[in-house]
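Note that the chains are named A, B, C, D and E in the order they appear, and that numbering of residues resets to 1 at the start of each chain.
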Amino acid sequence: MSDRVKEILSWYGGENAGVLSNLARMLYQGKLGGTGRMVILPVDQGFEHGPARSFAPNPAGYDPRYHFQLALDAGCNAYAAPLGFLEAGAAEYAGRIPLILKLNNHDSLAPDGPNPVPSVTGSVKDALLLGCSAIGYTIYPGSAHFKSMYEDLRELTREAKSHGLAVVVWSYPRGTGVSKEGETAVDIAAYAAQIAAQLGAHVIKVKPPTAHIDGKEAKKVFESEGIPTATLADRVKHVVDSAFGGRRIVIFSGGAKGADEKVFEEVTGVRDGGGFGSIIGRNSFQRKHDEALTFLAKVMDIYSA
Amino acid sequence: MSDRVKEILSWYGGENAGVLSNLARMLYQGKLGGTGRMVILPVDQGFEHGPARSFAPNPAGYDPRYHFQLALDAGCNAYAAPLGFLEAGAAEYAGRIPLILKLNNHDSLAPDGPNPVPSVTGSVKDALLLGCSAIGYTIYPGSAHFKSMYEDLRELTREAKSHGLAVVVWSYPRGTGVSKEGETAVDIAAYAAQIAAQLGAHVIKVKPPTAHIDGKEAKKVFESEGIPTATLADRVKHVVDSAFGGRRIVIFSGGAKGADEKVFEEVTGVRDGGGFGSIIGRNSFQRKHDEALTFLAKVMDIYSA
Amino acid sequence: MSDRVKEILSWYGGENAGVLSNLARMLYQGKLGGTGRMVILPVDQGFEHGPARSFAPNPAGYDPRYHFQLALDAGCNAYAAPLGFLEAGAAEYAGRIPLILKLNNHDSLAPDGPNPVPSVTGSVKDALLLGCSAIGYTIYPGSAHFKSMYEDLRELTREAKSHGLAVVVWSYPRGTGVSKEGETAVDIAAYAAQIAAQLGAHVIKVKPPTAHIDGKEAKKVFESEGIPTATLADRVKHVVDSAFGGRRIVIFSGGAKGADEKVFEEVTGVRDGGGFGSIIGRNSFQRKHDEALTFLAKVMDIYSA
Amino acid sequence: MSDRVKEILSWYGGENAGVLSNLARMLYQGKLGGTGRMVILPVDQGFEHGPARSFAPNPAGYDPRYHFQLALDAGCNAYAAPLGFLEAGAAEYAGRIPLILKLNNHDSLAPDGPNPVPSVTGSVKDALLLGCSAIGYTIYPGSAHFKSMYEDLRELTREAKSHGLAVVVWSYPRGTGVSKEGETAVDIAAYAAQIAAQLGAHVIKVKPPTAHIDGKEAKKVFESEGIPTATLADRVKHVVDSAFGGRRIVIFSGGAKGADEKVFEEVTGVRDGGGFGSIIGRNSFQRKHDEALTFLAKVMDIYSA
Amino acid sequence: MSDRVKEILSWYGGENAGVLSNLARMLYQGKLGGTGRMVILPVDQGFEHGPARSFAPNPAGYDPRYHFQLALDAGCNAYAAPLGFLEAGAAEYAGRIPLILKLNNHDSLAPDGPNPVPSVTGSVKDALLLGCSAIGYTIYPGSAHFKSMYEDLRELTREAKSHGLAVVVWSYPRGTGVSKEGETAVDIAAYAAQIAAQLGAHVIKVKPPTAHIDGKEAKKVFESEGIPTATLADRVKHVVDSAFGGRRIVIFSGGAKGADEKVFEEVTGVRDGGGFGSIIGRNSFQRKHDEALTFLAKVMDIYSA
């Protein structure tokens, strides 16, 4: 058994063996299996942004099976998607890659303005019937609807753990409680990680933080205590510290499709700051299959280095 | 058996032995064990104020296990925290210190303006699985959302008692129903204690009251009946009287990090007024471990005197 | 934290923090607290044998409160009794000593002949309302009613663990499947310990085994593999090995009231063989309070040596 | 508040106020209200023995309302009957006398031979809808069906207490595990009281014990410990001791219709032995109303003396 | 993806993806992963035969963790054991090898004579909390208790499938409906496989069949239709045909510890007859670890050839 995986699992003392097994399944899977680092393929953009925006750049991606195969071929640790996408491929790909069922989702037609409120679109029962290792759930700290999101998550988390499933939380500050610049500010990204951890998440996904510090009170502390924020690695370190002193798995989003070098640089920063990995959707599935493999191989190489 | 503990437990006649046992566990624990006084360590600031503001002053506190150890080393009666923080240490510290699971929490990103509404972020089931002695819950009398808070508390309280758990209520007047000065006014602090007691709390936490009297009608009575409010001890006595004639355990918050002498003076006032103890978070965990022990030892000495 | 207690708790990886806390409460209580050894006071004889046979020798014991006080005064790790006896004292002794609610019991008026079948006389809910740390349950391997006993235990065990309670199993071979001599035979005592462990018990109570080997097939193995059975310590070692290689807590009954020296000798054998302690009922509560304290102190001294 | 009632209620520490209130209602009712003694009117003979055997001697008793009125007129503490009898009068007599719903009953047509097994013929819900203070339940220790009786009682008891109802248990040794003479033997009556108490009964009803000692092992103890059994008072004292050292309410049946003097003598014995009262059915309702009042007044006088 | 695994999974069309994933996990695990053959390590002998008979030959096996490690080191497809044995290692070995929780078990002390009736000793909930891929269950066709076994299995099977778990059935003819010789007769072994398949099993375990044909009617058909039974391969083919024309996974027990050559010969016969693999307990864990690895490697080599 990998000493690093063993160490990571030890942070979840008191969890049942089912939860630990499902965390372990993700940590042992793929090219990074056993290193304690993870690269996860998430494909919820069809729901979140619409099909053309998501799949037209690489039309193979209209077929849900494409993404299972991509995650497998690339050696990802897990594949995350909403109910329908998993239902359309889980039987065919049974047992070949850990799955994360995203239990809430939001579409861009929803007229909920600046305060997004996702719908719960799947259940723990669905996750079991699909053979998933974890449930996924998005919270928007700063949204006026924070309360319903946190409370739904609380119930789903308890139910998931009671059935031996792990819990992955996407924590994206957004809404009238946060300025646009604040959404990726280092203090708020760290706060978002802390909230997810306090809500019982096993794995937390946040965005790579900028050097901006949004909160007036927070700014004072960053200055008085001299918390370094100059490099991405510095800022990632603060976010990871904020997730229980590094004792929760924190991974970072790959963001919109951009210049590869920028992504690799970011991944290097995540790695150097002690981040546990990346969750890379559009940058993977919106390019041709071969290019995606080359791209993801490079990302994994950075984490293995 | 301590006569004082026996006396205190007698106030809760009709409660089942499970609830009494869990109250007793807290009353017998630590340096003040058996005196009927309590000092509790609460660490929910990571959720409430964000990680940097909470833990950067003493970075050891990013690790959830730090606070279990601090509460133990200092000889506190109990340790209170949200779900994630307890999950991250309860197995390792199993059976060593009574735990209070804070079942609702609020973050400062929430755009709920002057009327805060916490989210329910844990369950009675969680409290049992973590080996807790009590649930904790915050109400904001004066908030426009008072109804959902009181009603959620009612359900959680019944469920907790039916499973043998004690109930600790943080009662903080706040919202458009209360002026800023009124939040700590003696009449309103006393009212907050009364509301918590009426809602079935076994242990009530309020802020140390100022001499300000906020309510016009209340003011008349304070004057006509000559209720003393000159000293903190006077005001604490009024708050304790307001919690069922002193037959509920009322403890007082330690507030933000401040000059130690000011805190000790306040603790002396609480003690002299018949308060049952303090719940001291930031003033404890935001200083170095050794200094925290010295500080808390002094607080406990005052209560023991 | 005692290293030994920490080691023992590590055997129960995957259990929730509630279960671990309740095991820890028993392991930290009393004079043997922290040593990893336990002496438990069980008083179910009123139900099992009738009141006069149980309490007339020391009439103070008719009063249920006597036994709480005895367990406390003697420094026992826990006190175990049926529903009524606990209900009659749990509030008065709230939080002072870990309690084990014996969930099944049998009376000697029952005309069930050689195959005893206990009744389930309490519930997990009762245990929570009484503030218990564990449920207790008796199985009679070898009874024709084994199936209902094992299956009731399975359900109670799952329910107890789901509420954070520990599980103590009395495993007494008895019935038409076992000869009289076989009831205490070393192979059958070891088998009884194994069955209890396989059924999910955290703590197992068996009788001190004799050198008799009852099973023909077992006898062959004892001989071919040279399993030592000459001394009680040898036999206790085999029983402890049989409970998952020593990774479950196995304690031994003190038996009927007998010559003290014989008991001390037996306790010494249990200790030398690696047994975790004793559960001593009649030998404790059927003598005067002072004599009982002297007697139990001596037993605990042996375990501490 | 009567000091004696207060003392009696103190034995039930940990019970909820609903249960205590219902016990108190019975203890404060009628001529003996406040003395700690009770006389209860039970009328289940219609079910148990058939109507003619029960009511023909005093045909007014065919009408269920007769018994409510009798209990009231006589100043009894409570009236106990099966579902139908209570349904037929509870509304008309609403709030005038505490009611006990007998939840199991047995008819003499049942071909269950020497091992009677009563049927559960009512529910806790029925008891609430009828405004009852308690449920009643009969166990037959010594019956081959002991297990189903004890286990049904356990569930009903938990449910009753959770709804604030008291629990009255009729404990009648009967069946192939007990000889005819043993049914009223002092050792077995005491054992029956102990079993009911261990099962969680608040009030226990047994038959007045004879001087016969049925158990061989018990006999040895009665002799060696010199337990007095010469007078009925002696024997009642042993039975009361056996119900948790006198800390449970034990009342004694009045038996079949017999010479009044014999009954008064028996009642005197119960009183002198520390029994808490009588439950007198046939001897009350099978005589004319006026005679019944005179008879019951005499019984109550004895208890008041 | 292995074509053979894909083919095997196609037989279970209509099963949910959770069940398929768990079947796939077992089929992809270990040295035979992807071949469609399986070698499973079962260790229920501690419960079934007692600890000394099971573990004294290789005392390392008293420790439950030994068997997890053995199954892993040997490259087995799965490890099967009762509740206690899995609880004692599942957290430590989380996610490293598929687990099968044996939900019913029988001990040799049970006085159930020639018609064994196992007890249900675990639940589907337990299986989920332990991170299992499947439940296991034993039926004894021919036992007088067949009905309770089949009906319990039916309920557990439905519940398991509803939670995404696979179902493994041990089908052992035994009881007064079967002669001793009939227990392994080819017609009866085939019948046992058919019954398990009809009850909804995904994986079926039977004993290697002898050439004996037990049923008179069956014998006629074997002769008239010329079903070959001369070699073990012939007979295995008949058993596999009987499990839905080869469309269910049928594996064969390795039996008691015997001469290795005999085992290898038998395994060769199973392979040649189209059997899917072996489940080998005592022959594996009752020898030293190194020898067990050599032995199992040889078995797997035969299946790979």
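Some points to look at:
Going forward, contacts are C-beta pairs under 8 Å (C-beta built on N, C-alpha and C of every residue); 3 or more make two chains touch, one makes a residue touch a chain.
Small disclaimer: the values here were computed from a predicted structure and weren't measured.
Fewest steps needed to get from chain D to chain E, stepping only to touching chains, is 2.
Contact with both chain C and chain E is made by A. Listed options A-C, C-D or B-D contain a single repeat of the C-E interface, assigned here to C-D, on the basis that more than half of the contact pairs agree by residue number. Matching CA atoms, the turn from chain B to chain D amounts to 180°, rounded to the nearest 5. Of all chains, the one whose mean C-alpha position sits at the greatest distance from that of chain A is D.
Ranking C-D and B-C by contacting C-beta pairs places C-D first. Homomeric contact chain A/chain C is classed as same-residue, with over half of its interface positions used by both copies.
Central chain assignment: C. Criterion: smallest distance from chain C-alpha mean to the mean of all protein C-alpha atoms. Spacing of chain A relative to chain B, judged by their CA centroids, is 35 angstrom. Put simply, the C-alpha centre of chain A and that of chain E have 40 angstrom between them. Contacts with at least two other chains are made by residues 13-17, 20 of chain A. Shown here, the protein chains touch in an arrangement that is not a line, ring, star or fully connected set. Inter-chain contacts, as defined above, occur between A-B, A-C, A-E, B-C, B-D, C-D, C-E. Per the touch definition, chain B reaches chain A in the complex via residues 46-47, 49-53, 55-57, 59, 62-64, 66, 82-85, 87-88, 90-92, 105, 107-112, 117-123, 125-126, 129-130.
Residues 13-17, 20 of chain A touch chain C in their complex.
Those residues of chain B lying in contact with chain C across their complex are 1, 9, 16-25, 27-28, 86-87, 90-91, 93-96, 128-132, 162-164.
Those residues of chain A lying in contact with chain B across their complex are 11-15, 115, 141-144, 146-147, 150-151, 154-155, 158, 173, 175-178, 187-188, 190-191, 193-195, 197-201, 215, 217-218, 221-222, 224-225, 227, 238, 241-242, 244-248.
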